[in-house]
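To start, I am sharing the structure in question, which I have written as structure tokens.
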Amino acid sequence: MLQTQELQVNIGPQHPSTHGVFRMLVTVDGETVVDLKPVFGYLHRNHEQIAEANTYLQNMPYTDRLDYFNSMANNHAYAMAVERLAGIEVPERAEYIRVLMVELTRILNHASAVGFMINDMGAWQTPLAFGMREREKILDLFEMASGARLMCNYFRFGGVARDLPPEFIPNLRELLVALPAYIDELERLLRDNEILLQRAVGIGILPREVALSYGVTGPVLRGSGIPYDVRKAEPYSVYDRFDFDIPIGKVGDVYDRFLVRIEEMRQSKRIIEQVLEQLPDAKGGHINPKARQNVRPPVGDAYARIESPKGELGFYLVSDGSGKPYRYKVRAPSFINLTPLADMCRGYKVADIVVILGSIDIVMGEVDR
Amino acid sequence: MPEMSPAELRARLAAALPDALVDVAPLAMTPPPAHGPQPGMFHPPDPFVHPDHLVAAALFVRDTLGYALLSDIAVVDYLYAGCFELVYRFYHPSGGPGIVLRVRVPRDAPQVPSLTPHWPAANFHEREAFDLFGVEFVGHPYLRRIYMWDEFEGFPMRKDFPRQGDKYLGGDE
Amino acid sequence: MMEPPFEIEIPRGRVIEVQRDDSRVRRGGGLLRGMAVIWKHWKESFRLNRSYSQIHGTFTIQYPEEKPRIPEAYRNMPILLYDDETGHELCTSCFQCERICPPQVIHMTQAKDPATGKPVPAVAEFIIEYDACMSCGFCAEVCPFDAIKMDHEFELSTDDHAQLTVHKAQLNRPISYYASIAPTMWAEVRESALKKLQGNIRRRPDVIGIAPHLTERIAARRAELAAQAAAPSPAAEPASPPAPSAPTEARKLTPEEKAAKLAAIRAAKAAQAGDGVTPSAEGGTPAEAPPADDKAARLAAIRAANAAKKAAATDAAPAATGEPTTPTPADDKAARLAAIRAANAAKRKQAADSVDTEEGS
Amino acid sequence: MYDILQALINGTFGWGWPDWLIYLISSLVVVTIILVVAPLQMLFFTYYERRVIARMQDRIGPNRVGPEGIWQPIADGVKMFTKEDIVPEAADRIVHFLAPCVVVAPTILMFAVVPWGPGMTPVDLPTSLLFFFAVSSISAVGLMMAGWASNNKFSLLGAMRAVAQMVSYEIPAVLSLIAIVMIVGSLSINSIIEYQAGLLISNRDLPGIPDLGLGWFVFTPVGFVAFIAFFIAALAEGERTPFDIPEADSEIVAGYMTEYSGMKFGLFYLAQYVLNFLLCAITAILFFGGWQGPGVNWLYAQAITPTNPDGNGLFNVLAGALGVFYFLLKTYIFFFVMVWLRGAFPRLRIDQLMDFGWKFLIPLTLANLFSAAVWVAFTRWGAAEGMLITVGWSPVLRWLAAFIITLAINIGVYLWLTQVYAASQAERRRVELEELSATL
Amino acid sequence: MEVVVQITFGVIAVFILVAAAMVVSVRNVIHAALWLIACFFGVGALYMLLEAEFLAVVQVLIYVGAVSVLILFAIMLTRQITGEGVRQLTNRWPVVLAIATLLFATVLAPTLINQQWNVPPAPPLGTPEPIAGPAELGRGFVNEFLIQFQVVGVLLTVALIGAIVIAYEERARRRKVLTLAEELELKRLREQTSPTVPAPVEAEPVVQESRSASER
């Protein structure tokens, strides 16, 4: 009789594929995962308390640092929350620009998320390098508009920091030529790849029945087959003006999440094309009203959520009538999507943990806040 | 796309769980200023639930009303009023705006029944609330600090937590 | 629990299930297709790709040789602008930026009129802690006088942490520099900014609000004038007067002379602190940006003061030989020349001294 | 080498040295050459891999140190040498120290039987092929030592994986070689190379084919399947990408190398790349004719050899140079393919790797073995061996019949196996679940 | 040449003996296994010295490459990998030594007695040619020693199948860690088969079951 012995292995916090300083206390039986406990907080900086000590506008650059891949999406959610709290109207053109930026962010995030996931499977950087190439182009666009690549700090209450520069749209149109080629190529490279299928199909299944009860959102939820997308479920900004589809998975495994992300890139591209069509007709209004520097919302609370590339990103704000938020709470998608990690990994092999983690697509800046 | 106003929700809850609802008075967030008017009282329209009936109310929202996505649990520390407010936010998987349940517990004995055994989505939310505010979720299977290290003393998001000069930051800064 | 399927009504669009296609028997075709993709990339990678619309080709930017394309809106670290013509800084120390700054790294003190002690719309000292700055650009955005702008310079690495606390002298850039890096953005605000500046200049007495190194340029001239005037004990006067006495003395002098004197003091102090070249001149940040003659003038002024001090301390002769040959300086150029000569003389003297001390020891 | 030295010293100079001295000198020279060449190959391979894979990822790769970054590996080596050598406190110091040596030594030993060109085999053993694989299996012990001595879970896991993988993939590798050995009828690498003279068809199989040194095994169905199987097994033995599980950095950090630093780490690296070189080389030798290529045999016929002592020494050099050129070209192309695979694919999981090896590769190579037997029977056997059908057939007909039959067998087996393999993958989950539901 | 060979032989022989002694005397089992490998290697070298290259290579391939790895695997899988082994030498080691010597002597004695030293033995008439290379070995297998070869092959196959059978039984008895999906699938299967009698575990919601497993 072979007596197997349970072994506790620490994966992380210093580990090549934990996407930052994240630790998983894994109990393994041979190579099979028996239990897993996520441990985090290594990057915790009490973002919420910092925010409560700052004025509303001062928090805008801090939201960039939550999910540093998607600073535009973070900005959007925060700006929406403050606008709801203070009752600020946003000019139409600014809304279009916001949607444009957030959809670009989604493409950027999914390109790198897919790349990182394949990297965790052991592909030597190649899909990641291709994703990064497209990401760099999008970051160039961000830089043109906002002046920074990652920490864009582009959105303002009631608008955006400044209008799009003249060279932005031509460059974006060029990029839109490259994007389908990139996505098709990625599919050709990976979709039928037998090794990827072996590693992804049937791994990390989050069944449809339990996905909702775990509170996961974003591609993880949709990969499990639940068509929940805040953009459709509760359309904010001008999302009700665009045609786009919601891709959902069938089984809820790593492969489904991978395919959902790829399809979402296509849909985002579709939205961007529609934005480009409608943008010239959008009514103006002052895109960056400088008067909004000192927002003093009335007493009350507001919650705004958007479909960030990683899931539902919400900001809950309570105002006590002063220039600083009384309470500032971030509902971080990466953080909540980690809830089912333990159950998703149980019963699979150690090598699958990193792939499952990669398919959830977390950013520790957001998880730890 | 189902839509439910706070008043409607209150009515449904009152019909189903008559004991669960509590009436609360408008709340002052800050002490009244020495001169000038009080900025305003905080009185959200959402139903307030008694902590003892929270689980029943949440399960009613999930199973009967169909709001199966527990999106957020936010804790607000109303230091001046001496209470914590927990804001539970639910969404319907078919879309539409969400509904909110609120629970107020006294600051000195913040105990709320845990939703986690019935609804795993609450797990990390509750652990976070415990870590940062010290709200104790009775019945949580693994109520440990999630961000701070286990030996950390105090609850950093409470309004009376020293901003500077505590034992971790060192003397005067 | 809810039971699937969830019916969701989607106004524009549909819910699509991804094509998994994972039950087909595969015989290695997917692997070969993947290899073909990689092969194409390898083949195409020998040509450079700078186009947004292409996905093949090498897109590396060979950084030190090849600079990245920097768009106009790019923001790195904040800088302060001053007017090329008058030398006046645009900043009026309104504290807007200090207030908005999220990490609170901007610190400034308002200039005061030494005569009356009243605040002047100009800034006396302006410090930005670059090490903690998060480059959010709020300061530039809120500045009502367009005095603070975001720089494009990103090679700021240093092995001296203290250098990242940047003072006004290093933050100053001429408007022409900013107009060269961000032409359209400057053009948008040019009119109003200059108009506001004109209004502010009128409220600034004496040389307050002039960029420090420009006051030094005047100083170089005035220092020599003063040195000439006090013939037997040359250069001692401008170099050694104690700082508190300067304002009292200044009241009696003409504004230009006072400015020169102040500058000389500052230069002398700097010279004492450093060895000939002040840290401010050493710092790479401002050195490249302004037009060359500004920089040279500043350096020369410092050297002149240095030389004068040396002469006073050890031997008057080299400085004296340098100075009488200089005609009364009429323009900056001559002053600079003279200053350089004086500096050279001082350097020679210094070299000789050091040789002496070496022999002695 | 011995022949040349013999001819040079005793023939040209007429010094009349004793044989054993010449033997000693030639051995020393050969050993020196190997010891110089092996690390050089490793240095070149690291540079080569990084450049090629960078190009595949639309990058440039190391290009700062020296022209086009050619000194990059040297710089890395210097870095490696100057780094601190850290031994974990809980490690078994002696074993920890010995492990890299045990890993490196066999890879260098394997060079002993690799022929670089015509007449350029360091040691011409009659069982050189077997020697090659026997020695390569020693490094498994070294890996085990490294993993165990580091006293680290990741290390041990990596070592276990490495050894399990090496041991299991040695079987398909050797089985695919046996097919070749059967056709050649010898275990000597040199005779395998000599067999591959000809043009598309070996001139041993079909006498009369013009000898352009292109009668490679890969052009036959048996050789092709053997080549594919062997190359896959070589990837696993050399821990190259689809099978680089022992050092899967995303899972177990660096596997057995986790606790090594400085030059000991460098030695593992050296062993790995030298092994990769050797595996590429042996693939080139066994299936692509090694140094065989147009012109080599003709040049070598004019040279000084034991059978032709009156040849011209110049032709030795010419034939050697051309042979080495062909050999290295093929080797580098195979390494390119390895890098290409690394650029394209993710890695398998350890159980999938085992599944693939045992359930697909081994049956495939076994079937190929049967094909090889058919090949031998058709091309070589006559009435004496009981092969009565082919009596009286012309060699061309025999060769054609062998080709068609083996092709049919191999394709059929491949298609059938893929079908069965895929089905078994799908079936297993269902069966396991059924078992469980039965037990619970 | 002779001298060199004899010196080499001496060195190798001493090495083998030392290694063998270490195998039985070192404390750590892993070290013992490593010494055993060294011993195997020495034997391989000895074969090489006797110009039995094929045998030497096979010795290395099988003993060093395969058997020793098997031993190492077995040790590492069954023992605490970090723990110091127990002392290998018991108090009764002289007895063991005596027995071993006796056994060795019985094997060696006939050879020693019958051997005519320094004279190459003349092959008796009728004995076949000595089997030298792999080709002859192979021919020997399929011609003269066909039966033996077949028997050995069958034996090995039986052993292999036996191993598989044992391992297969192991797997069925092994504790299986269920994945979330399998849990649900099982639940569904059980509901299909016995819809009327729900086990107490099943009454609880699935999510709770899984939670308790992960937060244990």
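For clarity, chains are labelled A, B, C, D and E in written order, and residue numbers in each chain start from 1.
We adopt the following convention: contacts are C-beta pairs under 8 Å (C-beta built on N, C-alpha and C of every residue); 3 or more make two chains touch, one makes a residue touch a chain.
Owing to the predicted nature of the structure, the values given are computational and were not obtained by experimental measurement.
S.K.: Using the touch definition from the top, how many steps at minimum link subunit A to subunit B?
M.R.: Contact-graph shortest path, subunit A to subunit B, evaluates to 1.
S.K.: Which chain's centre, taken as the mean of its Cα atoms, is farthest from the centre of subunit E?
M.R.: C
S.K.: What is the identifier of the chain with the smallest separation between its Cα mean and the overall Cα mean?
M.R.: Nearest to the common C-alpha centre lies chain A.
S.K.: Sort out for me whether A-E or A-C is joined by the greater number of C-beta contact pairs.
M.R.: A-C
S.K.: Taking the mean of the CA coordinates per chain, how far is subunit C from subunit D in Å?
M.R.: Measuring from centre to centre gives 62 Å for this pair.
S.K.: Can you work out the whole-Å distance between the CA centroids of subunit B and subunit D?
M.R.: The computed centroid separation for subunit B versus subunit D comes out at 66 Å.
S.K.: List the centre-to-centre spacing of subunit B and subunit C in whole Å, with centres computed as mean CA coordinates.
M.R.: The mean C-alpha positions of subunit B and subunit C differ by 50 Å.
S.K.: Based only on mean CA positions, could you tell me how far subunit D sits from subunit E in angstrom?
M.R.: 26
S.K.: What positions in subunit E touch 2 or more of the other chains?
M.R.: Residues 176, 178, 182, 205, 207, 210-211, 215 of subunit E each touch two or more of the other chains.
S.K.: By the touch rule stated above, which residues of subunit A touch at least two different other chains?
M.R.: 126, 130, 133, 189, 193, 195, 202, 209-210, 212-214, 226, 228, 232-233, 251, 340
S.K.: Find every residue in subunit C that makes contact with two or more other chains and list them.
M.R.: In subunit C, 1-2, 6, 8, 26, 28, 31, 34, 37-38, 59 touch at least two other chains.
S.K.: What does subunit A use to touch subunit E in their complex?
M.R.: By the definition above, subunit A touches subunit E via 1-2, 4, 29, 32-37, 202, 205-207, 209-210, 213-214, 251-252, 340, 342-344, 346-348.
S.K.: Provide the residue numbers of subunit D that touch subunit C in the complex, in ascending order.
M.R.: It is residues 52, 55-60, 340-341, 343-345, 414-415, 418-419, 422-423, 426 of subunit D that touch subunit C.
S.K.: Show me the residue ranges of subunit A that touch subunit B in the complex, using the header's touch definition.
M.R.: 40-41, 44, 46, 48-49, 53, 210, 212-217, 226, 228, 232-234, 298-301, 303, 305, 312, 314, 316, 318, 320-322, 326-327, 329, 331, 335-336, 338-340, 368-369
S.K.: In the complex formed with subunit D, which residues of subunit C make contact?
M.R.: Subunit C reaches subunit D through residues 23, 25-28, 31, 34-35, 37-39, 41-42, 45-46, 49, 56-60, 62.
S.K.: Enumerate the contact residues on subunit E facing subunit D in the complex.
M.R.: So the residues of subunit E touching subunit D come out as 1, 28, 30-31, 34, 37, 53-54, 57-58, 60-61, 64-66, 68-69, 72-73, 76, 81-82, 133-135, 172, 176, 178, 182, 185-186, 189-190, 193.
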